[in-house]
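Going in written order, the chains are labelled A, B and C, and every chain counts its residues from 1.
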Amino acid sequence: MAVVTTPAPRRPAGRRRAPASEPERGIVSDADRRRRSVRWPLRASHVALLVALVVVGLGPILWLAKAAVTPTQDTLRTPMALFPHGVDWANLSEAWSRFEIDHYFGNTMWLALGSWAVQLVVAVTGGYVLSVLRPAYGKVLTALVLGTLFVPAVVLLVPLYLTVLDVPFVHVSLINSFWAVWLPAGASAFNVLLVKRFFDNLPREIFEAARVDGAGPFRVGWSIVVPLSKPILGVVSVFAFIAAWKDFLWPLLVLRDVDKQPLSVRLPALESYVELDVFLAALAISTAIPIVIFLIFQRTFLRGAGLGGAVKG
Amino acid sequence: MKSSRRKTALVLVGALTVSALAACSSSDDDGGLTPAEASAAADEPVTIQVAIDEGLEQGAIDAFDTRIAEFEKENPNITVERQEYTWVGTTFAADLAGGTLPDVFTVPFTDGRGLIERQQVADISGLVAELPYADGFNPNIAAAGQSTDGTQWAIPIAAYGQAIHYNRGIFTEAGLDPDDPPSTWDEVRAAARTISEKTDATGFAEMTKSNTGGWILTTLTYAMGGRAETVDGDTTTATIDTPEYREALEYLHDLRWEDDSMGDEFLYDWATSHADFGAGKIGMFVSGGGDYGNLATQNAMNPDDYGVTVLPLQGDDGAVLGGGTLAAVNAKATDAEQAAAVKWIDFYYMSKLTDEDAAVADAQATADQGQPVGVPILPVFDQETEDARRGWISDLTNVPLDQFAPYSEHVVDQPLEAEPPIATQDLYAALDPVVQAVLTDENADVDALLADAQANVQNLIDRG
Amino acid sequence: MMTSTTVRTSEAVLREESPQRGPGRARRRRTPVTWVRGGGLSTLVIALPLLLVFGLFSWFPIVRAVVMSFQFTNLVTPAEWVGLENFTYVLSDPLLTTAVRNTLWFALLALVLGYPVPLVAAVLMSEVRRMRGLYAALAYLPVVVPPVVAVLLWKTFYSASETGVFNTIAGWFGLGPFPWLQDQAWAMPSLVLEATWAAAGGTVIIYLAALTGVAPELYDAAEVDGAGVWRKVWHVTMPQLRGVLFVTFILQIIGTAQVFTEPYLFTGGGPANSTTTVLLMIYNYAFGGRGDYGAATALSLLLALVLAVLSAVYFKLTSRWSS
């Protein structure tokens, strides 16, 4: 994804953000809200929006939760009925044990953690070098990294697969190893540029001061850069985690060993030989976990997803 | 400053290009093993990975492990590891290159010839020639595993003819006699109509996806007297734009749009059609004759409901499309691994066809785990061997043999035809959209579809 | 947040730290020793993760893609150069026109459904005083559901039998049953519907963040001029959101041009190739039985080229508008 910024709108000189005592306002002012012709349509549209969000956003997920504990025949014959023949909790345990959802979920978590770690290392070291250390080859490097943003993922599919099949110089095959997913995940130009921009916006004096004190690049990096970069690391982590969960095609290609496959690859394969109710239970379990994580870390997710307001008009 | 930056960029790009060019792989030239090499290789300790079907229940997996233990006892220098593997055409080449293919794996007849032609399996013909029954193969069936010079690169381990599977329970529910299944295409149509009217099930289902559409359509066409390709020396001509293909498509069209007896699901592939049939949603469908195992084990079908009958044949040229499974060895296996692999193939797949003790032992192990024993198959060698085999395991047979009677009693009399030999999967793939179009668009232009498919397939045949 | 200090390169720092250089000498002679001492080696070491990961798994494959598009590769025999043959083969493949048309159709439907609707929702949400978090969480929930789960779930919804979920709901209103995935005309819109459900929440949140960043003074100023709610939306909010709108538009185009998971899992490209997209074609070239990697890379390069041209034209146009 390309992050493009155009300069923030010019505020009249001398004016700053309204003082804290004034409430933040949007399009509709307080005066507007007092007018009947604005207040009621606004409220009505908010109610309508809420209903729509619940039905459309939450509805399918609630249905899945219900179907997960409903016997197959009920789901097939009367899908919208609520437990006409009672609840079948056994679906969940069968999905969990017979189809080893726990194992595949573990694989997914491992893949996510490893990808996250690699992405973090590459992005932080890369951003640090490009933004702060600025070696002579820095400009070329930045251009090369930026360039990959404009190459659609599809171009990489086949050659990356062949590269993973036989890594140059070391002649090792990463197929069926988690490294086949972890390492390519790190090549995210988006992350590097995000971190680089963040570092660009830090005051140079901090680094200068450390340099004058005689600290080398490692020291500066470790004791100053890393602690300072916590905010941006949150954003990068959110994206990394989401991307790892979503990953389907790549693990499908490189993790041929059923034992290593994540949920995303395993679930479609299960579809053909599992009864519908147990299958839906498996789907429900697979989605419950990211949802729970989302609910807990809501704010970080939403802040990261909004790109931290990085893209402005 | 600028020039050094540009220099750096050039050097980087140059380095990458050179390494990209240098990364072209070269293949290993592995000729067949001579017997001397084979026996020398026979005694080294060696480990091989062998394929086992995916998604099996624990019982079936245990039966497999028992067989492995028996094999390892007889061959102490060989260690066998099982690896879940199902033939998937789409990733085979990648699996082969990536080294994730087991040493012994099974591949349908349809794909065997192509693999052999592209040398993507090991040349084990020397080792095969050593086997005691090497000359006893049914020539039609052995041809599927031979290279152009007639040497046997892969071993046929099972053969089947296409059949119509039907659900006896649904037949009864619809008022049809499960012991008297339809024997002409008109009767099939009538039965489908009755089923769809009297029950909730689909009368007649058709696979349409992942090359199965073309496969089943070709099956119907063969039964109606048509063929897909004519081979004349080096020239192969596609014969798709023909009256028989048209007849098969119009038959499907009528069942779908006039009778509405084909249900609501038109994107069936092999796995999903078998799943729905096993779940009792389908009255009849056409597939390979040996599918009972999959239906009973992976799809938990009620054995009492299972029925199978022969395809109705029409005209002078009506024939049953034959298929089967080959056992092949990974092209990258070392000599020792190849020797061990052929031993495993002989032990696990072949001996139960030719040797009474092996057949009984295999049947026993399978029966102990509650898995189906005694499903009637087409003879890989000849009818006497097959009859003898059935005799050996008759005590252990736990499948409802009488329910197989409409098929097993009549298929031997039907002419068996091999699948179209050139670019088979491509041909089937090109026909998938044709079948899908006919089943999802009432006004599909059958003539245009067949003409296009003909041109496409001919192109693929010629591209080589 | 831009400060006015200039960025100091390590060389500048070096220069300052060694004042004993004579006049007229602009730089110190760079030898390996001074490079290491100046922190050059450490910098390289720190840059190593970036260099290795990008080098092996990004730059090298990109170059390799270009090389492979001019070769015939089947992984068993050595690759041979075939010049432009892959490109001509791909361009003359009759399926390509279908795939391009399908991809454009998907992109168009996705744009119509997934571009304005999140905007409207976000504008409404930005005016919610309390419980805005609830709205945002509800909107984003589908995004959190793993795509494979979403597709498989919706595949159940799209069952064409009378008792399929959506057909049952349609039945409440006296409509249907609809064929959904089983009909050539219905299949693609069905895919778009699910894809939009799964992705719209993300767009909503991006818009929401941009909306809350609009300076309140602008609205104050507009009200002084007597603007009502609609005028404010049209004359203040929209122009302020221009950057976001432009970027999400092109990102959505680039994203939908590469749609794969939905066609692959829902229909495998059917029925009758009505949901075969360009990316599915590429996948089938490479990982369909024939293993034609040259054709696959040739087509992916063509796609990349088209997207690049599209983006360039797009940015040219929009920069003229916004400046």
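As a convention for this text, contacts are C-beta pairs under 8 Å (C-beta built on N, C-alpha and C of every residue); 3 or more make two chains touch, one makes a residue touch a chain.
Quick caveat, the model's predicted, so the values are computed rather than measured.
Among all pairs of chains, A-C has the largest number of C-beta pairs in contact. For chain C, the chain with the farthest CA centroid is B. For the pair chain A and chain C, the distance between mean C-alpha positions equals 13 Å. Between chain B and chain C the centroid-to-centroid distance comes to 40 Å (mean Cα coordinates, whole Å).
Counting partners per residue, chain B has 12, 19, 23, 25, 91, 94, 97 as the residues that reach two or more other chains.
In chain C, the residues touching two or more other chains are 59-60, 64, 75, 164, 287. The set of chain A residues touching two or more other chains comprises 144, 161-163, 168, 253, 271. Partner chain B is touched in their complex by these residues of chain C: 55, 59-60, 63-64, 67, 71, 73-79, 94, 159-161, 164, 177, 179, 181-184, 267-268, 270-273, 284, 287-291.
Residues 1-6, 9, 11-12, 15, 18, 24-29, 31-32, 38, 42, 45-46, 49-50, 53-54, 56-58, 60-61, 63-64, 67, 76-80, 118, 121-122, 125-126, 128-129, 133-135, 141, 144-145, 148, 150-164, 167-168, 183-184, 186-187, 189, 192, 201, 203-205, 208, 211, 216-218, 221, 242, 245-246, 248-249, 253, 263-265, 267-268, 271, 276, 279-280, 283, 286-287, 290-291, 294-295, 298, 301-303, 305-309, 311-313 of chain A are the ones that touch chain C when the two sit in their complex.
Across the complex, chain B meets chain A through its residues 4-5, 8-9, 12, 19, 23, 25, 54-55, 84, 91, 94-95, 97-100, 271-272, 274-275, 279, 298-300.
On the chain A side of its complex with chain B, the touching residues are 136-137, 139-140, 143-144, 161-163, 165-166, 168, 173, 175-176, 253, 256-258, 269-273, 275.
Of all residues in chain B, those touching chain C in their complex are 12-13, 16-17, 19-21, 23-27, 89-94, 96-97, 111, 114, 118-120, 208-211, 263-267, 269, 331, 425-426, 429, 432-434, 436-437, 439-441, 444, 452, 456.
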